[in-house]
């Protein structure tokens, strides 16, 4: 088990660094908004996680690598100690990027030695924390991409993260296919014996009314109709807080859409190019997703409906080098549900709350998920920027309703007519 | 039916004005914070409601009483037209208080005439809007009290709204009695044929795990132990957003608690007096309620658990003139659930969302509830400031998690041990 | 001397109250912006001034009238003690207006008795503080008017302070007459033995280059040309901070100008009426005055130029009941300088600084002027809202460059061509 | 003349880059506060200045090097066109530092060729703009140092810009020596025929009362006495706006002073080390300088007093490699005025205003100085970070009264006793 884990640890660590290959040193250090973090910080923080929760506990003769790092790279773990203020992460031009890579090297080597030396009862416990560290680093891999995308979008020079072949493919012709489900008492949450986050537990029963989910994601073309129909000007379509937010932040289209004369362009990690009507709409907030659904005469699914609909569906990872880091048009048969994973996260109408009987881990790791269960919404699925092997049907992502810089899109639901 | 309605209309309108009897003219016009409104505005807005939704529709030859009022006293109904900005309601020294009372008089008389003249098919429809207007005004009656309380608390002179006999009574001796429930598939929401708000509908099924509710509310004494145990200094007890909010706003006790040397005092509508350990704790935010529950080793109930527990329990209104506008200590037997109504609203762990199949009314009245279903929590019960006859077991009140100026308290729940 | 003072004391106190005659009780208590104060507060604060600086010192057996008032109505005298926060003055619905008038009554009576009983050495010292209190109350009389004007302007109902006969008169025909002065070493500051504020002292020498002052104030008509010439859109005309301020606050005309279709209206204390092209422009900030001057190819005068030009000119008070509280068109001969007093305060290009050898009074009264000598500009003259007898040619008024709610206008200056 | 200019151009350009030698790539791009700019931006902006004001005008066949740079690196010249928003300069990770150096290379070469090719009447005009560009770049050299210092101070790792030998020397023993001046009508402003900024002109007469200036700067030791005497807690010592600012920003000592137990440390570009009582106090705002002067029973000099006192005094540049970038203790005889240049800028009590007859240049360069003449104070002298050859006795530096991140210190003045 540990050998397998060590191999996955190494692969994950390497993957983070490969994601940085296209970056200039300058790109690593800037924090483009308080919600985002510098890439350099992501690289150091994920390393700090292993040093703090694994090395400091199981490495014999452990000494802190750098006492300052314990504060600088602690994100939000109050039980571990003080944290450098989140909105000031962009002040840290030191340690330099090279020093951060050096820090990674050292932790990687010590982790490698540790994993070989674990014995007896500590194996199991350490393995579970290392597994959590791997999953944690995968989450930050997606954040690196979304944060770099946001940073680049602030620059009028429109830097390109990585050029990719566009490779337009035929898109799903049928706009209006719905997959029906019966409802009733269903089981929700993770019940297996692999890894899952604490917020996916415990598996429990939920009563569902009959419902239908659209077979694919909402497209740019469909969303553009909403824009053209004055969707951003009609308060009756919006939640009250959404309407206020949209006006204050002067939203008139999804983030990264650019109106240029008669044409709409889209800023991506690959380029700036004309909006593709067949691709899934992306970088919308919960407020926009909700308003669009209302305008469509439909609604967003609950997270339970989504999970029920995803039961048993294969997760086809599509995150791969060479491919565009951008959602693709649907090219599946309409008879089955498509685009659950690998395109955009899907906003659900479910506020992020604890499952009945939810328990956090003891100690600092108990701060991982539970304390964020307020004023956020659950997103399900996984996006084109989610690392391979990271998600599952019970996976619960969550963001505040105004967040737009993640790869977030829309799947519609509706009540089954009786 | 209409005769009965007319009588209730008159009673409700009179009651609003009786609530204002203790106020000086000066007290009517000031807006002490953006969340609160001047009393004068409450009086005018509830009147505007009847003018806009009833008179303008069913009164023959209707002409607006004052075109400016349509904007000034529109709270948030975008479908009706523009609104005077909420945070500037305190700028309106005109119409004067006397003019607002004049406005009420005129609308009351025209409403009275209208109710007598309704015929045929319009009776039913008009009656349902008038009923809504009455319920709406009752909601503002409670807000008048909470907003005046907040205003008076800002004044170092500590004005008294109304003096009342304290009348201390024996309190419940037993701190730790829990009422158990089985769970399973239960029915939630209003299923009767009386009045209810749209957000209480439709009645639908929910699956509940077995649970227990404490038989009474958390007391000041119990909450004071949390304060003394450094509850406001221990981040591990708090939601992340709660911790940030508590530090930014420098919370160290419930709103209206005043530390004076060794002693704790409490500002009320009646007076400033020593904190009574037996009375229910009041004026806490969701964040504080949640942190207190965690510290207690318990949790807050869901709104469904609360509704199930309240099933069939009598609503003993205790809002009455002469009595203190302040929650009272529990004096009931511990075998049954107590203090569901008439003391403090009870925070539930349920974010305010739509029930499955929820439908809003058409037109402006559709803006009444649905558009606020975001970043708020449901409160159940009713408080010492809730007008008689206003609530029921399916009633859903809601406020953002940081709100403290309402009469909000805590009832604990826990999972049934298996 | 004291008899005369007592008579002026009484007259000043009465005048303050006469200014309030048109107000409804509601109008007294609201604070429409942090820079403004409620009328009720002005009435109480000027009374507090006499209680604090006169009664508490010279009245035998003095006891505070209300200990809370010492904090509530202290504006900014740190040496006296704590102050109720300025932006929260609008929270104080108590003491009621009637109670504030009662407070005035009591202080007036005790002051009256005190003035009769002063003997020996204390007469002179007390008289000088009472004189300061009178001058201080006169300053607040003008503030009452400007603050009420601002408050009423926030109300869409456009309340009228007092109706007045418009009485249009023939205006000065000649736009471009300049009065020349030689410059050289001149004496500046108050050198007499009557009352003056500490900031007018000591009289001292200043070297001036030859200069010219326009014989009258800039008119609405002239300013409108600046507006039409895109004056608010051309950054090259503005100070950098002025440009930023104008954009942030979305200025496109003077405060209280209202564009209505093709026409410009003006909100005044009397009414809303068409802009009169001949009247002096009013309610402009220093930034606007400065930009207008640059656009005109002229400049603002220094305060020393203004004082030199005003030497020996009669002060014709025009503040009187029945007349409009609004600046009037120039109707004087162009050969002499006109409109120095009684229309609008005139922005000078002089930052508000201490004269060489400036000394503040000891104790709390030393806080009267000196500590505000930063980021403010001197205004000279006096306005249509300045109480009779209050100003003189050495009088220095001062406001921050962004202030617009005072009766502030523009007089142009230019260098004498050599 | 042009040959000399070309040589000075080259030297200045090289000097900017030499200042950057100690920086890591990461240090170039971060903007630590809105008032500061990234080093990379400084390097590009000074280059943009030459491209925009020289090359675009006199280079034959000029084409913009990069159209985006025209916006990105325009600081505040509205006449040139749009500007990238100042507070977002830290978003620009591209162009990379290497690209910015490439941009400098290209402009340097083209400037070099241009200077050789200028002929006839254009020589003089171009030379004067080039001279301005050199002076401009020197100003940014000082800003690079102050901005890097601020950036490094935000980092708990306390990066070192450059280590330097401390070399403590004997300090002036005499604390209280004053140099007297007669006053009278004096000439102020630049009257020579070398370079000066427009704000130093025209030379004109000013009347001064007799005054005295302290022979040296206020030391850390003296300032520490102010701190220990509760200087930051006594409102009577402060300007009103200074008091508010100091409380809001929680000032309790100069910027970069660090209290550690009983000891005071100081963060510098060289290191963090114990506060040296003999060194001039540095990094104080105008507000602190003014409060300190009041506490001392003295005052700040006017800029005219300073200029008069500096008349004919040699400017001993002390900015040199190897030496500390930090002010040094006074080691001069007390009979003469010392430390006018090379240690700290000296706050004067003079608001930054136009001299009588001030004229700005036509076109964009007219925006250089004049439009900032509001809410700023004049500083005189020059600091340890001012490039050699940059200042003169008529030089007017200016900053808002709350600025602390420049090398700003205090020289006291007082009225001559008569």
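Note that the chains are named A, B, C and D in the order they appear, and that numbering of residues resets to 1 at the start of each chain.
To be clear about the criterion, a residue touches a chain if its C-beta (ideal position, glycine included) is under 8 Å from a C-beta of that chain, and two chains touch if they have at least 3 such contacts.
Predicted model, so just to flag it, every value in this text is computed and none were measured.
Q: Out of curiosity, which chains are bumping into both subunit A and subunit D?
A: none
Q: Per the centroid of Cα atoms for each chain, what is the distance between subunit B and subunit D, given in Å?
A: Computed value for the inter-centroid distance: 59 Å.
Q: Between subunit A and subunit B, what's the gap in Å when you average each chain's C-alpha atoms?
A: Using C-alpha averages as centres, the distance is 38 Å.
Q: Using the average of all C-alpha atoms in each chain as its centre, how far is it in Å between subunit B and subunit C?
A: Centre-to-centre distance between subunit B and subunit C: 47 Å.
Q: For subunit C, which residues are shared contacts with two or more other chains?
A: Residues of subunit C touching two or more partner chains: there are none.
Q: Can you name every chain pair that touches?
A: Chains touch in the following pairs: A-B, A-D, B-C, C-D.
Q: Would you mind writing out the residues of subunit B in touch with subunit A in their complex?
A: 76, 78-79, 185, 204-209, 235-236, 238-243, 287, 349-351, 353-354, 356-357, 366-367, 371-375, 401, 415
Q: With touch defined as at the start, can you tell me which subunit C residues reach subunit B in the complex?
A: Spelled out, the residues of subunit C in touch with subunit B are 24-30, 32, 40, 68, 71-72, 84, 88, 90-97, 151, 154-157, 159.
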